[in-house]
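There's a structure below that I have some questions on.
A, B, C and D label the chains in the order they appear, each numbered from 1.
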Amino acid sequence: MSSIVIVLFDGFAFGMLLFVLSVGLSVTLGLMNFINLAHGAFGMLGGYAAVTAMRLLGFPFLLALPTAFLAAALLSIVLERTLFRRLYGAPELNQVLLTIGMVFVAAAIATYLFGTVQQVIILPSWLRGSVEIAGMRFGVYRIFLIGIALIVTALLVFGLERTRLGAQIRAAVDNQRVAKGLGLDVEKIFGITFALGSGLAGLGGALAVEIVGLDPSFGFHFLVYVLIVVSVGGLGSITGSFVGAALLGIFDVAGKYFWPEIGSFLIYLLLVAILFVRPLGLFGKR
Amino acid sequence: MNQAMSANANVDTARQWLKRQSRWSPFEIVFWLALLLPFFLFPTYLPLASQIAIAALFALSVDLILGYAGIITLGHAMFFGLGAYAAALLAKAGWSEPLTGLLFAGVFAGLIGFITSFMIVRVQHLALLMITLGLGVLTLELANAMSWLTGGTDGLRVPRTWPIFNYFRFDLWGYTSYGYTLAVLFICFLLSRLLVNSSFGLALRGIRENVKRMPAIGSDHHRHLQKIYTISAAMAGLAGALLAQTTSTVALDVLSFTRSADVIVMLVLGGTGRLYGAIVGAIIFLVARDQLAGINPQYWYFWIGLLLMVVVLFMPKGILGFLSRLAGRRDND
Amino acid sequence: MTDQKEIVLRTDSLSKKFGALQVTNAVRLALPRGCRYALIGPNGAGKTTLINLITGQLKPDSGSIFLGGDDITGKSVSARVRAGLTRTFQINTLFPDLTPLEAVTLAVCEREGKAGQFWQPLSAHGAAIDEAFETLKSIGLAAAATRPTRTLPYGQQRLLEIALALATKPRVLLLDEPAAGVPKDESAALFEVIAALPSDISVLFIEHDMDIVFKFASRIIVLVAGGVLLEADPEEVRTDQRVREVYLGKGHHV
Amino acid sequence: MKTKKIIALLGASLAWTTAGYAQETVKIGVILPYSGPFADAANQLQAGIDLYIAKHGDTVAGKKIELIKKDTGGPAADVAQRMAQELVVRDGADIIAGFALTPEALGAAPVAEEAQKLMVVMNAATSMVTEQSEYIVRTSVTIPQVNYALGKWAFEDGGVTQAYTLVSDYGPGHDAEKSFSAGFTEAGGKILGSDRTPVANPDFSAFVQRVKDANPEAVYIFVPGGAQPAAIGKALVDRGLAPPATKILAQGELTHPEALASMGETARGIITTFHYTLERDDPLNKEYVEGYTAANNGREPDLFSIGGYDGMHLIYEALKKTNGDTSGDALIAAAKGMSWQSPRGPMSIDPETRDVVQTVYIREVQEVDGKLQNVIIHEIPDVKDPLH
């Protein structure tokens, strides 16, 4: 019994990591219908930013996280202005290929700057090891991950429901033409959303280093997981991403626990099955 | 009002116009003759040339569904790999005759293509990308799980392929390999050319242009899509089988996501929906990769990535589309 | 006067709801062979929805549709087209990169079940090409036959909508605002083409311009809030008080 | 057309000049995945090769050594096959070497066989690699070699009577599972359970929980290098599966320096089996490590580096023996039975199987001078691959 609880907990924690990595893509995809496969590369950027900040500048881990967020967000603003914007409304194939090209370039730059070696983050001691609760041992870092993800979710939900910008974003996601008609600067809204989403990917990348490591292939590696979360959850939906990520994490971990023989298949079976029945994802509207 | 056709146009000119659309141009003949040049000019590049021919065949199979029917796939390596394993396992079982092996692999991949096509035609956009990707990864994982049969990550060493027509032995220089792969590519190209110029090809273009209208002109377009998906899968299987037969080796990478992505990149570099784009794209991609990797093995993908971005931003119809626009031909966008 | 003729298309208490909104309410229709009916009603009356229901783009919540006596309610869009029930679209739904000749040839090939043949060139289907060209010619598009659709003037694109539908050899043709967006002087010409369609085709068209409706329709169906308010001859509709109130009063733009 | 002709002429003349030049050089084609997911391994291996050449000069038996690098871009058997073919027919390579990955070695093997060229496998660690051709020799390690020895040692000297195995679900993982289990059960131990983790596995927690449920005395682990060693090590410790309560046994990659740094305190007590130990106290090794780190921005050598280094040693010594004869038959004859002192310790080439014979070290992660490192606790000399 206690094993099951721990397995579900671990799966949920992993899912929350995926949530932070992918929620930005879901919103930007829903908003602009722009398939940004370079989203994982922003995660990678965040990871390297955090590693560099800690190693060269001596930042503590908790300060490295916002650094990662900022680095990814700032770069994404530049790229959005110069590159991405040119392909809004272009065929999806072109979007896919432009952004894949960017992942290639990003991987090469990372190799040039940091080498192919695995990067390491030394956690502060209070985040290491595990704590015992009701006779079960929970990893401290995983509790931390869940905490961060819940804070992010709360901020996002609050921001979307209660702020002016949030209302504008919701209006733009629902119906761009109407939003434009109402005099909203949809391009600017998208630029901000894009930066926020990429920033979150950067944060996710920094958080992921401890769990899965970091090397120049990170942008490719996590892309598949991120895309699964987004497509299963449904575009443009924070709830969808949250549920999709949690489902993915839990199914992945629980599947491997109960049926290790097919553990590697399970999430892909789930992906194909869900999309076959609901091509728009669990919470997708369009 | 327009000069394209005189006002008293008649049926005969309409027929002729349509016929003219599928006529061989001198460029095409020169192009195919040029593909024979490596035999004489660059004999030491024949191994590369035959892998280019294989990649071109694979890209051609993807062009049929992506360029003509508008199905984007991120998992077509699935069929390439199934074909490769089918040919390899047949050879392992003691039958290394190349042509029957090729046929067997094509039929097998086509069969799997037909079965999966029922899923593919139901979805579009991101869901389509993800389902093709998911099926591709599932096949890879399945092949890995069945490593007793497939050799898993270590791969299989395939028994040497018997001489073609019991005469042309597969040599170290690659003369036979290139001749063989080029011939298969050419035959498949002829079939594809016939296909895209047929009424079926017209129906596919209709689907690509406006899928919503198709049912309203009485088209059961799902069946068209299933048919072309099956044909494309079989052709990808042929390409995989060629690889297994000419390299005497097959490993899990034939099924990898990278292979699925590379083929799309090649196709877009060359230009989709024009058959030759697949071949030109494969040539550019593999030659560039070969040269760049030779100069700078660690960073060649930087240049590939950059090339890809430049093509997408400045030549959205691929290199061939760009060239034909420069030449001011009919393919305006 | 057409009442005694054979009924080709019939709907039986067809209903559809979008959420709480009743967009189609127990609609009964009967189109006789060769008729020229108009479907009118104020904006939001559910005219296009009704056509979508009849042709299968939407599934009704209840009710049935009969074509020539066969229940086609459960059939797919394409199966209905092959059975002889075809529509055109209010917003151009064409193939931008195909030429009219190619597009109409495609429709002919689909009708004859030849569109799946990939082993011989298109030019082998000579009869289909001839027929496509004749169809284009019959509605005045011969000169534009080999130009990419997207380069055609808007009015010709509207004609192509009809040509594509004709190529399916329909028994019943539903035209959703065939003259939408066409300047007034051109729309009359367009309706001349419609009026000249083979006399065995039953036509139901949606149109806002009352002059055209009264000129070309043999009978008029007035749809209000999803339900049929009145089905009558033009004269009767013109004088009906209810129609005046709900429709002509505000929508009559001359 | 004219330019085509000129290019052709140029190409022909180039081919001719290189052919003439080949008289005084020995061309070694190195086939490695310099890009892609295994780029790091390739670079480390290449650094080993470079170090050897830097130390011993680039001239052997009066001939100049010339390296021709070929990138496969990841696990790509077909590309490796083509590269080998091109090295032979285009570049006129005399020896082909490298091969970080088993499928790539398998891909190139038929070419070595047909062209009769010496093929030096500097890493790929599946037993059957050397069986593919009479011209193949290996200077790295085989998985059964070190893991069979570990299994035996665990029962006989390690005091472990039952264990659980957890390996990556791919060829090397299967070999590792099989050979450890064989060594362990033949000695008298009992395997409680075996699980295989997906190769691309970002999260190990579920499998580790299964291990914990079985409550073994020891858990044997095999995962590919890269990110996974640190990840699985942490997952184990998070579950309280840590020495001394539960012994963790593994092949050496698990505790390579980067993984140790990442695992930190949690690595303490992990027992690994390997053919190369960075910290081994030996003058030859010290010199090697110093030279390596100096040449590579402080990066320390690993298993790939030593495979490349010793591979070059084998090539140099074989060339000396043949007096510069580069024919595959002469070189392979010279390589058979060769033995030497490597930075890893004494090693030799089995004249029967052309595979590496060497000392296997059992190491434990301990604190030395305030730093965690692998400390050798047992040595097993002259270990052969048990499967040949």
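FYI, a contact is a pair of C-beta atoms (placed from the backbone, for glycine too) under 8 Å apart; a residue touches a chain by one contact, two chains touch by 3 or more.
Note that the structure is a prediction, hence the values are computed from the model and not measured.
Student: What clusters of chains are still held together by touching when chain B is ignored?
Tutor: A, D | C
Student: Fewest touch steps from chain C to chain D?
Tutor: Shortest path length, in steps: 2.
Student: Express in whole angstrom the distance between the two chain centres, defined as the mean CA positions of chain B and chain C.
Tutor: Roughly 41 Å separates the two chain centres.
Student: Taking the mean of the CA coordinates per chain, how far is chain B from chain D in Å?
Tutor: 37
Student: Find the geometric centre of each of chain A and chain B from their Cα atoms only, then give the gap between the two centres in Å, rounded to an integer.
Tutor: Centres of chain A and chain B (C-alpha means) sit 33 Å apart.
Student: Centroid of chain A to centroid of chain C, CA atoms only: how many Å?
Tutor: 48
Student: Would you please write down the residue numbers of chain D that are in contact with two or more other chains?
Tutor: In chain D, 36, 39, 43, 169, 198-199 touch at least two other chains.
Student: Return the residues of chain A touching two or more other chains; collapse runs of consecutive numbers into ranges.
Tutor: 111, 261, 264
Student: Residues of chain B touching 2+ other chains?
Tutor: 141, 144-145, 298-299, 301
Student: Chain pairs in touch?
Tutor: Chain-chain contacts present: A-B, A-D, B-C, B-D.
Student: Please give the residue numbers of chain A that touch chain B in the complex, ascending.
Tutor: 29, 35, 83, 86-87, 90-94, 96-98, 100-109, 111-112, 224, 227-228, 230-231, 235, 261, 264-265, 268-269, 271-272, 275-276, 279-281
Student: Which residues, counting only chain B, touch chain C once they are in their complex?
Tutor: 1-2, 4-7, 9-11, 14-15, 17-19, 22, 194-195, 197-203, 205-206, 209-210, 212-221, 223-224, 227, 231
Student: Over in the complex, which chain D residues touch chain B? Could you list them?
Tutor: Where chain D meets chain B, its residues are 4, 7-8, 11, 15, 34-36, 39, 43, 69-71, 73-79, 81-82, 85-86, 88-90, 102-103, 106-107, 109-111, 114-115, 126, 128, 132, 169-172, 174, 198-199.
Student: Quick check: in the complex, which residue numbers of chain C touch chain B?
Tutor: 55-56, 76-79, 81-82, 86-87, 89, 93-98, 101-103, 105-107, 109-111, 114-123, 125-126, 128-130, 132-134, 142-147, 153, 164-165, 167-168
Student: Flag every residue of chain A that touches chain D in the complex, lowest number first.
Tutor: 3, 6-7, 10-11, 14, 111, 115-118, 120-122, 128-130, 137, 139, 142, 210-217, 221, 225, 249, 252-257, 260-261, 263-264
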